[in-house]
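Right, I'll just put the structure down here and ask away after.
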Amino acid sequence: MMENAWIIPLFPLISFLLLLLLGKRLKESSAYIGIAFTLFSLIFSLLVLGDRFTSPTYKTGAEWLKIGDVRIRAGFEVNQLNALMLVIVSLVSFLVHMYSKGYMQGEKRFSVFYAYLGLFTFAMLGLVISPNLLQLYVFWELVGLGSFLLIGFYFYKEEAKQAAKKAFIMTRIGDVGLFIGMILLFWETGSFEYDAIFKAAHEGNLSEGMITLTAILIFIGAMGKSGQFPLHTWLPDAMEGPTPVSALIHAATMVAAGVYLVASMFPLFSESSTAMLIVAATGAFTAIFAASIGLVQTDIKRVLAYSTVSQLGYMMLALGTAGYVAGVFHLMTHAFFKALLFLAAGSVIHAVHTQNIEEMGGLWKKLRITGPLFLIGTLAISGVPLFSGFFSKDEILVSAWNHGNYFLFLLALIAAFFTAFYMFRLFFLVFAGVPKKEAGNVHESPASMTIPMLVLGVLAIVSGYVNTPWFGTFLGDWLTKGNTYLEHGHGDSPVWIMLAATIVSLAGIILAYLIYSKRTISRDWLGGQGSMLHNILFNKYYADEFYNLSIVRLTGILGVFFSYIDRFIVEGLVSLVTGTVQKLGKMGSRMQTGQVQQYGTIAFFGLAVLLILFALTGGIFE
Amino acid sequence: MNDLLLSILVFSPLLGILVLCMISRSNERAVKWAGILATVPALALSLFLYSSYLGGSDLSAFSIKLDWIRFGNLADVDSKLFAVDYELALDGFALLMVLLTAVLSTLAAIASVSISKEWKGYFMLFLLLETGMLGVFMAQNMVLFFIFFEITLIPAFFLIGKWGYFEKEKAAYSFLIYNGFGSAVLLIVIMVLFARAGTSNIEALSYIINVGGVSLVAPISEGMKYGLLIALLIAFGVKLPIFPLHTWMLRVHVQAPPPIVMLHAGVLLKIGAFGLIRFGLGIFPEQFKDLSVIIAVLGVINLLYGAFLAFIQNEFKMVLAYSSISHMGIVLIGLGALNESGIQGAIFQVVSHGLIAALLFFLVGVIHERVQTTALPNLGGLSHNMPLTSGFLLAGAMASLGLPGMSGFISEFMAFLGLFKTDPLLAGIGALGIIITAVYLLRAVMGMTFGRQGASVRTRLVSDLNALEMVPVLVLLAFIVTIGVYPTILSNPLEDTIQLIMTGIRGQAG
Amino acid sequence: MNSVPLSAYLVLALILFCIGLYGALTKRNAVIVLISIELMLNAVNINLVAFSKLGTAPSISGQIFTLFTITVAAVEAAVGLAILMSLYNRRKTVNVDEMDQLKH
Amino acid sequence: MNADTLLSYQWGQMAPEFIILGVAALLSLLDLFLPKSYNRRSLAWIALVGILIAVLSLIGLFDSKTASILHDTFRLDSFGKAFKLILLIGAACVIVLAESYDPREGFKKYRGEFYYLFLTGLLGAMVMTSSGDLITLFVGLELLSVSSYILAGMRKKHAGSNEAAIKYVINGGISTAITLFGMSYLYGLTGTTNLMEMKDVMTAQAASGQYMYLYGLAFFMVLVGLSFKLASAPFHMWAPDVYQGSPTPVTAFLSVVSKTAGFVILLRILLTLFLTMPGDESQTFSFLETHSIYISCLAGISIIAGNVIALRQRNIKRMFAYSSIAHAGYILVAISALGYFTFDAVWFYLMAYLLMNLGAFAVIQLITDASNSEDIADFAGLYRRSPLLAAGFAVFILSLAGIPGTAGFIGKLNIFMNALMTDPGHFVLASIMIGGTVISYFYYFGIMTQMFFRPAATTEKIKVPAGIGTVVVIALAGTILFGVAPNTALDFLHHNFGSFNDFLK
């Protein structure tokens, strides 16, 4: 089965092409094509995963490009990590395809939407099964394209336009890092293939500095995609896209690609402690940074977006602290519960036609299905025991602690507290309390939307149990099995950590309850609107403003500067030359006064000059 | 027959001119169709050559060599001394360029149906231009090369000056003078080599310069070699164009009629790159090696300079013009790297930018025809009325900013791959260009297609691409994607050429 | 008898030539200009004759040359005056410096 | 000297000259005795026939031995033949132009005179090409000059024509005087007027370093005097005015035939006298080689001045005057960079220049006559009024600008090769030349702009007279033929005249 894994990405591609050609005619029924093909890939990836449990890593490839005597290969690989990713991606994608049928109903460019979804899914699956960096980069960019197109789906909205542009460019910045790192690695190791690189790195063919440098460059790429600080600003804006897109791309799959990249390059990172530290630090900081912003946002999707950023930070922290399993584990659980949250949020928006949580409330009774599912998601992300998020988050804290970096551990803990707090703030504001009058005829979403949510809800609960301190760390063992470069990142896990995690999350929930549901504590606990702290958080630490003022402005200035060079120096020189020629011509024709005797005189002077020159050059001294 | 093939290929457009002479100038349909069809034979032949080459047949079977001019009365001394033969031949590289030229010519001819006046004269000049372009890539000696090179100059001058936009004559003049200057410098180089070596055959010259041991009419000193190479750099730097010799081509890009800009950006600029590789690398590899750093630096300057300027333009054509400068920087970067991947990247970039630029300028022409402007402030929200056009425009932009899966990426990748080996720091600086390219292209293209409808779009109802206009777009896009997905179709024909160049470089290295 | 050295003739001729040249380039009246040119030609004649008698290798051809020169000079003068006449008929002037319609 | 010595000369050598002389005499008589009412146009055909017969007889002489008669005053060597051919062809074309030349005022009455004066001028030029003696050289020169003075003033009622004539006379007179002064020194130092004998004497004397300064003086005076004929800067200033004022056929004659004659005589004197003569006692370099730098200066100045000043001209004839100055400069490059290709280059370039320039002048004459003015603007929209004529003119201009595919390009190629193959090569001169060419694009293509881009003032078609038509066609054919297959000309040259090896024998 695994030797046919290459077919998995093709299904969505086919649907993409089909929809491009027939989209106009098919109208809404194009949804079925998309759903069908993603279902196929889901089935195949499940089969592949099944095989992978039994049989070893499968890898194949063929020559793609020949440069002199260098051969660059293209192919695919199925190891534990990307077998798992295949399932996650195709599953979420499939569910989102289903969900969108209901959500996007009545949209004019319905088929285009599904075409884009297909393109993205293709790229994402391709990215996952790439056996070498170059191929990964290729799909890496295509994924970016898919995200770009889908964010800008409502092309007539100015915000959507800006968001799409921003997303593409910000990630592009990261990509260049990856690009450079990849090329440097190539010249160091003579190959783009993962195993070759790991081998070289492991055998110490690379200098310490080079490993660090390349690792960091690659990590920059990951930062761009996974919205790590300081390249995080595009991700919240990306919420301008349709909600299913946010669920698929900006929660479950693409943004996780950064984490996936670091995970799959883990052997390289693990060779350089510096790189590891940077990854961990960036992750931890992003986690708490984004969480703090999430505390005060009022747009339901933006809150989720910041929580995504923060959760991705968690994963980076895990990887940075050698918690390979923890990172991947959280990646999986997060994919499920965050997708769930987004879809639920989508169904809320679908119901009340607003994204501002201040205008919502009391929806618990109205949305009988969405409400509980949202709650599940919230519990899972807050790390409440027995929910998937609890186990994966615990793994991360453990690995942070075991790695001995207690400051990062502390940050993670605080971030966990924040997460619990703002997620339940969100929950209470939306579902608890009395209905606002804006939300008039509220109704539950159609089955095509609720069923995917149900599936994800289930997964959000159970997916945690594949790797628990109690029922065995199956996932961890499987992931690390037979992988020479990975030692099982699961040392002893002190029980008090689990307790601490539980306590902080519960504390967060209770606090949120008291403030937003019970109202025993004033909502202006932060000093209310307009207070400085609130403004800073509400304006996301003014990151965008800062970038606009610094980088964007600088580029513009440089451009103007160059344009002056162009206009005045370059063109100036040219006009100088032509000008002199013209001047000479003028002078010459001026001399032509029509006075015949003057002509004679000039001629005579010509003769005289010749003779004088001749005299001076020695003729006379004969 | 075989040895006549190339001649037929080169001069088939001239037959078209003859046909056109017989059609009355008033008969618009006939003239335009004749003009389009006249480009087809060349296309067919070049496709045939390409396929037979991929089929493994030897290109040298097609080369032709006839006595043509013999200066001086030296038949008794040496019948080949100061002789200029009529010799055409192809290698992989030249074949690709010929194919590119033939394809773009046909597409540009199709695009030319939008020409509104004096079609007859237009197509005659157009075909003459095509002959010149085809010949340039096949000429086997420098004099013949120069002749074809100049033949492109004259029709282009008229095409720009008569059928262009508002400031057409100014544009035509700066085109003429700059290129005249360039070819003047080139002529000096050619004549020095010819007069002193007694031959202008490229192979012979590269042998004489590199291996030596041949008695020359007059010596060619080491210093002179560097001088000649630098002169070549200037001559082709005007065409390419290399900063600061670029200002002329901005005017041309903005003022010339779109089909001509397709050819201009697609082929004429590439002649500069072709010449640099053929003569610069082919005849003076050793000297080129010593100058390679300078060339790479020039490349990076081009790349960034063009990108930053494109970022602040408010006229889409200007954006594209500067982006051409920026992209030619990548060619120089590849050449400056001076290793397989670099040179291969440069050649790839030549081809791929040819296709991409043609695509973008064709779409510009379409839009301008509909909306009567391409000034960014007046545009926006084109996707409302012209979804297809906008989509293709976006695709073109993506190709141009090096999106993987399209030809632009391959060349960019290889060029940088090359330079990172020889000069990582410089390459690192150059890599910034990748970002800025994305910035300015998205700014411009999204400014036109996304967002609210701009003033000039709202006022009139604009139609989308029609069937005939789809042809060039789809063909070009097909090429771009094919190369991007399966680059081997380009790299295979190039192997021999690049091997030859590399041996030239290594031969001196050892 | 033969006391006057060659150099004397040459100097004389040179002076004559210069005077002629000066006149030709400065005088306003076209007639005088033509005459000055005659002067220059005559300077040449003196040279030729002097050389043919006292030159390094005296020979008769110099004097023959002189005959041709004289004739040609006459022709030139005649033609010049003829042209001047027709010009005068139109312009009513013989001043060279007023003949400047054609310029720049 | 008695009858049989007189008869012993092979007069056949002078057949072309005699024919021209005869026709000239005949025409003068006819002009005298034909009734006033008779339209003298037809005389042109007689003149033309005469010239053609002369050409035939010249061709007949091609394979005759190099010989010199009349005490070596007249020598018919391959050099003479080659350049006589150019002169005759040029003259033939000009005659045809003149036949259809018909300005508004002041030419009809003097047609008859025009033709025979023209022929005498031609005769002078021909004598110059094959004279082996200072005296004949001088007489030929003057015959040409005096005839062209009158020709310039042919339009008696036309102020410009008169002015041109007087200016030409004055400048020409001065130049003659200067030339003669130089010649007189040459004679004085050598004691002979026969070029061959002079050469030997000079070589001997220079070997012992005698009179070097005087020789230098003579050299420069002759050079300058002849430079007037070539109209090379800074001795060019008469040319624009004269070209502008004279009747168009005369302008053509001056810019082609007269200029060619000038180069011929220059080559004759310089190469015969100063090439073999050593430059100093250490007989490493010849006098000409050591002093070629001065000729280079003249060449450079001419190229720059001609092209640069032409930029500002609105009057087409004046513009062509300047362009002809520039072209004189190009040819001087070939002479100053004395090398293996000098003869080829000069001959070929003159031939090419003859074709393209005469073709251009044919068109110019037509247009200027049609619209009684000489402003460039009269060419506006020519493309609409007469596409073929415009196309032809375009080709001539391209050829003048040295664009490949035309004779002008090959000519330049020859000159470059000659300039660059020497060691050290004349890089500066070559650069100036190429730079000048680029500058010349400005004004040459300015005419193009007028013809093709600008709208026409009047849309009425132009009817092309037979004469001009033929000239244009011939010139066009030649220009393109020599541009595409230059060896038709080069092989002809080499086959008939070898490499001018008999020049100094």
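In this document, chain identifiers A, B, C and D correspond to the written order of the chains, with residue numbering beginning at 1 in each.
The rule is simple: a residue touches a chain if its C-beta (ideal position, glycine included) is under 8 Å from a C-beta of that chain, and two chains touch if they have at least 3 such contacts.
Molecules present, by chain and UniProt name: A = NADH-quinone oxidoreductase subunit L; B = NADH-quinone oxidoreductase subunit M; C = NADH-quinone oxidoreductase subunit K; D = NADH-quinone oxidoreductase subunit N.
What you see is a predicted model, and the numbers here were worked out from it, not measured in a lab.
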Touching both subunit A and subunit D: give me those chains, sorted by label.
B, C
Larger contact count among A-B and A-C belongs to A-B
Nearest whole angstrom, what separates the Cα centre of subunit A from the Cα centre of subunit B?
38
Interchain centroid distance [CA atoms averaged], subunit A/subunit C, Å:
97
So the centre of each chain is just the mean of its C-alpha atoms; given that, what is the distance between subunit B and subunit D in Å?
43
Quick check: how many Å separate the C-alpha centres of subunit B and subunit C?
65
Residue numbers in subunit A touching 2 or more other chains?
589, 592, 594, 596-597, 600
Subunit B: positions in contact with at least two other chains
none
Multi-partner residues in subunit D (2 or more other chains touched) are 166-167, 170, 174, 178, 240-241, 312
Every touching pair of chains is listed here as A-B, A-C, A-D, B-D, C-D
Which positions of subunit D touch subunit C when the two form their complex?
134-135, 138-139, 142, 145-146, 149-150, 153, 156-157, 159-160, 162-167, 169-170, 172-174, 176-178, 180-181, 183-185, 187-194, 201, 240-241, 244-245, 312
The answer for subunit A against subunit D in the complex is residues 581-582, 584-586, 588-589, 591-592, 594, 596-600, 602-603, 605-607, 610-611, 613-615, 619-620, 622
Complex contact set, residues of subunit D against subunit A
166-167, 170-171, 174-175, 178, 209, 211-213, 216-217, 220-221, 223-224, 228, 233-235, 237-238, 240-241, 280, 291, 294, 297, 304-305, 308-313, 439
Write out the stretch or stretches of subunit B touching subunit D in their complex.
68-73, 82, 143, 146-147, 150-151, 153-154, 157-158, 161-162, 169, 173, 176-177, 180-181, 184-185, 187-188, 191-192, 194-196, 217-219
Where on subunit A is subunit B touching in the complex?
64-70, 134, 137-139, 141-142, 145, 152, 155-156, 158, 160-161, 164-165, 168-169, 172-173, 176, 179-180, 183-184, 186-187, 555-556, 558-560, 562-563, 566, 569-571, 573-574
